[in-house]
Amino acid sequence: MSAASETVSAGSARTARIVIYGLLFLLAAVYLLPLYVMLTTSLKSLAEIRGGDMLALPREPSAEAWVKAWGQACIGVTCEGIKGYFWNSIKMVVPAVAISTVLGALNGYVLTKWRFPGHKIVFGLMLFACFIPFQAVLIPMARVLGVFGLANSTAGLVFVHVVYGLGFTTLFFRNYYEAFPDELVKAAMIDGAGFFKIFWRILLPSSGPIIVVTVIYQFTNIWNDFLFGVSFSSGAESPMTVALNNLVSSSTGVKEYNVDMAAAVFAALPTLFVYIVAGRYFVRGLMAGAVKG
Amino acid sequence: MTPIEPVPFVTPERPRRTVATRLGTLLPKIVLAPSFAITLVFVYGFILWTVYLSFTRSRILPVYDLVGFDAYYRLWSQPNWYMAIKNLAIFGVLYISLCIAIGLFIAILMDQRIRAEGLLRPIFLYPMALSFVVTGTAWKWFLNPGLGLEKTMQNLGWESFKFDWLINTDMAIYTIVIAGVWQASGFVMAMFLAGLRGIDGEIIKAAQIDGASNTAIYRRIIIPMLRPVFLSAVIVLAHMAIKSYDLVIALTGGGPGNATELPSTFMYSYTFTRSQMAVGSASAVMMLMGITAIIVPYLYSELREKRS
Amino acid sequence: MSFLEIRNLTKKIGSNEVLKNISIELEKGEFLVLVGPSGCGKSTLLNAIAGLMPLTSGQIILDGQVINDLHPSKRDIAMVFQSYALYPNMTVEENIGFALEMRGVDKVKRKEAIRDVAGTLQIEHLLDRRPSQLSGGQRQRVAMGRALVRQPRVFLFDEPLSNLDAKLRVEMRAEIKALHHNTNTTIIYVTHDQIEAMTLATKIVVLRDGAIQQVGTPHEIYSRPANLFVADFMGSPAMNMLKGRVVTVDGARRIAIFDNTVNVAVPASVTVDLAEGRDVILGLRPEGITDESLADPAAGSVTRVDAEVALVEPTGSDTFVTAKLQGGTFTARVRADVSVAPKERFTFLFNLDKAVVFDPVSKQRLS
Amino acid sequence: MSFLEIRNLTKKIGSNEVLKNISIELEKGEFLVLVGPSGCGKSTLLNAIAGLMPLTSGQIILDGQVINDLHPSKRDIAMVFQSYALYPNMTVEENIGFALEMRGVDKVKRKEAIRDVAGTLQIEHLLDRRPSQLSGGQRQRVAMGRALVRQPRVFLFDEPLSNLDAKLRVEMRAEIKALHHNTNTTIIYVTHDQIEAMTLATKIVVLRDGAIQQVGTPHEIYSRPANLFVADFMGSPAMNMLKGRVVTVDGARRIAIFDNTVNVAVPASVTVDLAEGRDVILGLRPEGITDESLADPAAGSVTRVDAEVALVEPTGSDTFVTAKLQGGTFTARVRADVSVAPKERFTFLFNLDKAVVFDPVSKQRLS
Amino acid sequence: QESVEVLHWWTSGGEAAALNVLKENLQKQGISWQDMPVAGGSGVQAMTALRARVTSGDPPTAVQMLGFDIKDWAEMGVVGNLNDLANEQGWDKVIPAALQEFSKYDGDWIAAPVNVHSTNWLWLNKAALDKAGGKAPENMDELFAVLDKFKEQGITPLAHGGQPWQDGTLWEAVVLSVGGMDFYKKAVIDADAEALSSDTMRKVFDNMSKLREYFDPNFSGRDWNLSTALVIEGKAGAQQMGDWSKGEWLRAEKKPGEDFVCIRFPGTQGSVLFNSDQFVMFDVGEDKRNAQLKMAAAVEDPAFQIAFNTVKGSVPARTDVPDTDFDDCGKKGMKDLAEAAASGNLAGSLAHGHAQPSSVKEAVFDVVTQHLNGQITTDQALERLPQAVASAQ
């Protein structure tokens, strides 16, 4: 057999690169459109929004809407903008993410390194829990929160998010720890470490990638949740999404689209930040376990 | 090497199991127990509760008198419910397949040693970070013929350009697909990218040496090797499709007419706005049965495979 | 009573009996090597001794105490894993010190002990690195250090050298030998490598499918394998197994091989009576078949055999020659500079002093 | 002109020069083995030949044609990867047939070719399985089959046996040897294993840090290493390196070793003039130092040395004895059943015929 | 400190400002106001939140609610009792009976009505109307004639937002216009199956189809206030909408009679379809009861009634409030209401929950919306309407 003498010409390789980059940037532009619309609209005046082109750049950019959305816009009878609700969300998200992540990590640890008969069934049941539609649990959950005295409180919301986040966090950590060498646990046992010591000193410090994935996933889901927020909190206690909804979907009155959009961007900032900063680790973390590829 | 003092060695009096060792073996279960108990009560307990409610005549609030299958008769006599199921079929199939196709396509492009990867990755991922409470308005504008794409194109001089799916009863469900794909395809891209990065480079080299062209390598080797990722992606997307609610409410509110009703919006509206809680519960039960039909075989195969 | 005694140990995983009624006794200071093919249960046995998995039945008695139900952390046993199992998030220093820390040894003493061990293993300059920044050999030494720092009652090594390249392996082997020599601790060591087993052990246990095949000194195992499996498993190239039959020549019992074309004296080690006409298998290691110049001048019973050379494999230090004769092939070891080529005839010297005889049915050695 | 010629090949990765000015010539049907320590550039060189990475400079000429810019798929070269690189989504049959399919061979012919190869490798019964359902040894054979089915111009093997256990390794080695013998194809083979290198190669190239140290037949490499590195790298246990000085005794040039306590004849291979007083290093492999019974009767120049035994390592087939003498240690290979114990004195026979001499400064062999 | 927690969906500027009057009034009495706004979908989310609160055993003090929802909740036995206060202040006399229907359950006062909206209004851009002849249409045919003229002017004739409740609002106005009050009562209030599939109803649906042709293409899903804006800006000629629409005009600094014209939906003169926002007082226990009663009293305070209703566009829930502070449209509304109440031509609005429970209401919306969007034909609509209503009951 003889090989055809064909050389890779530098020219065709370059065309291929150009096509790839072209496609990627075109797609990126499409993906960015909604964000672009939100940003430009938030910088326009109301008159310009009504009369102008949605895709046009603002003629006289102004940060007024931003200032108003943050500190002055009226939500119900209080006109202090969304900043208070922003902190509500933070107060809810941080403990909820932390607790569900820690519990998920512990569960994953037990389910992979301390197996007992029936561990698969336990895991299967916990995993299936990821798939239940949340609308179905609102009423009984309200009852339970009432009984526990957690109704209408941030603690209650944290509790709800932890409960319904457990399935996913357990899944993530289980898949990750599945690939974690058993020998390390055995070695630590022989070295004299106990159950928690092994977890704390050996597994947890090596769980960086999966913690990133879990935290990102939980953070976005909890931050963006509306249903639980509107059902289990009220008034000044409400998370960001509820306040945003009150701002943008009030049924009467002049719609201040620029303020709405500015508020929407504020509401999205933390999650955007998380994805931009941790995107690289997200893919890495997915590689490390969440996806079995 | 100077010997260090031998560490005092604890000798148990009896060779039988001590309380300490027994506690040691129980500890993992004790740690797992709260999570498991919570899941049992708050997921499975609530599912049972929902099943129970579906056999009552609950309307505005739960009542607990059993009346048999009344709610199910009502449910299956609702044209809305059929519409919801039909829409879910259209939406589910398109949403899952488009997300996977686009996600895979972008992932493959991104895998070509792209310099700007750090810049592009978050751009494709960010829609996942935004709730539809946030992006709904922007999307509504964008798809609205009077404000968005159609108008922009016409302003740009393409007078005959028409894009009115949002208000077209036959096409509105596809706008939901568009927005949904926009939101989730980046996440799927990340999953595929992770999968691609996990493929052993030597296998690709081997294929090159075997004489495969680049397209043949993708078609015959790489994409088939991503099978587990496909499976994970389908599961993740299927569950998002079934739970999709924000998307519909923000974009069309179920309209025009009931053209974009989905089981999730159906259930919500029957339970909470139409004061037909029993029918809502019945629809929830049907949804759960559908989910079970998809997920349980997956879980079963997934957990079985581990044995070998 | 022995220092470590394993009595009738059985371990089932599911319905699979991974260890079958294992009994081993070990004195203090002995170096026990476990060998056997992959999957025969070596790691399982180590894990059982370390307490990392529950037993199905049987007892493990250490220093007079039944330790079946003792938690691994209380057994005072150190283990070096095949994969090293270094804690990836800790520095070398922390890795080595971890066991001491868990036992509550104070910081100053710990540091001292770590320095000492690191000195012995010549890894002082690596103390601040993490495992990912070490080469395979360095990792191996750290894993060893982690065990050494503790001075446990028993060391367990699970194929600690299998990931190293040949050169480093030789070095590390010497270090382990020196360690054993200097500290006189009790060691149980798993390996695939025949040379390691032979050079390190004071006692070898050969396992197969969870059952003990033979227990003995390296010399016993090599020279007087209990059965065909052990004979075939130890040694590379493997022992030549020649089909033979007992014949009487000039009134003396001899063994006819190569389809009766050659007959050889019955090895001295065979003391049982061999009935005439009985089928046997004659085992002779490659180094028992040599060229003239390599033959052992002290050998008592030597037979010369002419055969056609099939394959010549020079390894540098020796040359292995595979030859064919009447429906049988055998491999001989000849001096490296002997000139021999395929298809030629060559005269081989069979040293029957070194031969062993097996029963072809029971597969046991006859002696 | 040679069949495969590599001319002044240089490869930089970043600022790191991974291959330095490599030139190799290979005739059709030769079996070239590349050896060298981990990270020396062996895989890189194979990849360069296969076209899997661009060169920094230099030329690769195959069958008279410069193939630098030819795509791997057009070079008609087959490669077996260290990790096997089987396509996990395809059955064994599809794996083996993939290359043919890519070349547009029709289905019937493909099937036939696959059957043939599978027959040779004894994997017919595995054709419907997937790689994940195979054992290591079976995978190795499939990887081989994938290369064999093609009858390419050159085979490249990257440590194809390194993942196998000792027994299987010996078997596979024989199969590769037979393959080369029967088909007379050109093979380039990377290995860590000295025995593999020695037994398979018609030509060995020793690499170190991307530079060629020596090219030669196995015998040349083993017996006449070009420098200290090659001498030390090939052979296990390693060659003994003894510090020596040229002296004149009774008018004859000799080499004094062990702090001048012993002097030995200058090996016959040293033809250069050694000035009196010159420092040299005398290299002698363990099998060149023996007990009385193992000594080569044909040896020309033998010196007896009495030394104290430090360590005895019986490997079964031989015993390695390490002994100390006046600020130097050496390892000897003695007959397995010689009785020798540490601390005793023992008489060793140094066979100077096999010795080589190196310059301690340039580290090159003197000859 | 005593406090009231108020669940409502009046989150936009004007309404919230009006509520502030109530809040400040209460604060003067030492009662703090915990705001619990839940916007969106005319109270859909709010009702979800309310369910959660009630189920958890911690209901808010007062909840903004409409019509039949009040009855539903009262039936659950979770609401409070305002009888003492009502008797003391004589609510029976000043609050119209039609409202009391919803404010009372089993004869007990449970809610404090805030306002009365009426839904059968048509809002016209004065300039456009002048161009079209200037005469306000008085029946469906005249309406179509005017709409045709608007079309000739190149503007959208009828600004409509395609959301189910807006479709329903339009539909009930057409029902009233085509069939008159008796037919409305029979078909809508009594949900008479025959009436729902009668020829009159066929005419209603035919008229709906006809009206549909006067919409602009972007109507689907549009919020009502955006439609109003179209009329204000002169991009559209008219809008059928409840009186809350007036707030938009006022905020745009337009004057009734000068810039815009408010008329009863053609053919419904003399009849009023109403809905009334009420604050339902939940059973919150003794310690919070005092504050709750003070809030109820404050709601019925004429000053609040004026302040709130002038902003909201509605008319006061009490009949004894003077109309001096109201504009022309407001005055007209108050007069219409009084007359209709007297003549028996006052009926609850279906679209706003004052004619049927929400299950039936939504069932009707389903049919109306699907018909309006061309998903079903008129024949199908006539067939399906009685079925949907029956199965929802």
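Think of it as A, B, C, D and E in the order they're written, each chain with its own count starting at 1.
Here is the rule we go by: a contact is a pair of C-beta atoms (placed from the backbone, for glycine too) under 8 Å apart; a residue touches a chain by one contact, two chains touch by 3 or more.
The model shown is predicted, which means the values in this text are computed figures rather than measured ones.
Undergrad: Give the chain pair that accounts for the most C-beta pairs in contact.
TA: Contact tally peaks for the chain pair A-B.
Undergrad: For subunit C, which other chain has the most distant CA centre?
TA: If we average the C-alpha coordinates per chain, E ends up farthest from subunit C.
Undergrad: Can you compute the centre-to-centre distance for subunit A and subunit D, using the mean CA position of each chain? Integer Å is fine.
TA: 56
Undergrad: Taking each chain's centre as its mean C-alpha position, how far apart are subunit C and subunit D in Å?
TA: Using C-alpha averages as centres, the distance is 26 Å.
Undergrad: Between subunit B and subunit E, what's the gap in Å when you average each chain's C-alpha atoms?
TA: Distance between chain centres, rounded to whole Å: 39 Å.
Undergrad: Indicate the whole-number Å distance between the mean C-alpha point of subunit D and the mean C-alpha point of subunit E.
TA: Distance between chain centres: 93 Å.
Undergrad: Quick one: which residues in subunit A touch 2 or more of the other chains?
TA: In subunit A, the residues touching two or more other chains are 139, 141, 194, 245.
Undergrad: Which subunit B residues touch at least two other chains?
TA: 24, 61-62, 147, 225, 268, 272
Undergrad: Which subunit E residues touch at least two other chains?
TA: 41, 48, 51, 55
Undergrad: Quick one: in the complex, what on subunit C touches subunit D?
TA: 37-38, 165-167, 170, 174, 177, 192-195, 198-199, 218-219, 222-223, 234-238, 285-287, 293-294, 296-298, 311, 313-318, 333, 335-337
Undergrad: Over in the complex, which subunit C residues touch subunit A? Could you list them?
TA: Within the complex, subunit C contacts subunit A at residues 47, 50-52, 71-75, 77-79, 81-83, 85, 87-90, 98-99, 102-103, 146.
Undergrad: For subunit B, which residues count as touching subunit D in their complex?
TA: 200, 202-203, 205-213, 216, 220-221, 224-225, 227
Undergrad: Mind pulling up the subunit B residues that touch subunit A in the complex?
TA: Answer in residue numbers: 24, 27-29, 31-32, 34-36, 38-40, 42-47, 49-50, 61-62, 106, 109-110, 112, 114, 116, 118, 120-131, 133-135, 137-139, 141-142, 147-148, 151-152, 155, 182, 186, 190-191, 193-199, 225-226, 228-229, 232, 239, 242-243, 245-246, 264, 267-268, 271-272, 277, 280-281, 284, 287-288, 291-292, 295-296, 299-300, 303, 306.
Undergrad: Using the touch rule from the top, collect the residues of subunit B that touch subunit E in their complex.
TA: 59-62, 74, 77-80, 140, 144-147, 164, 166-167, 169, 172, 249, 252-253, 255-259, 268-269, 272-276
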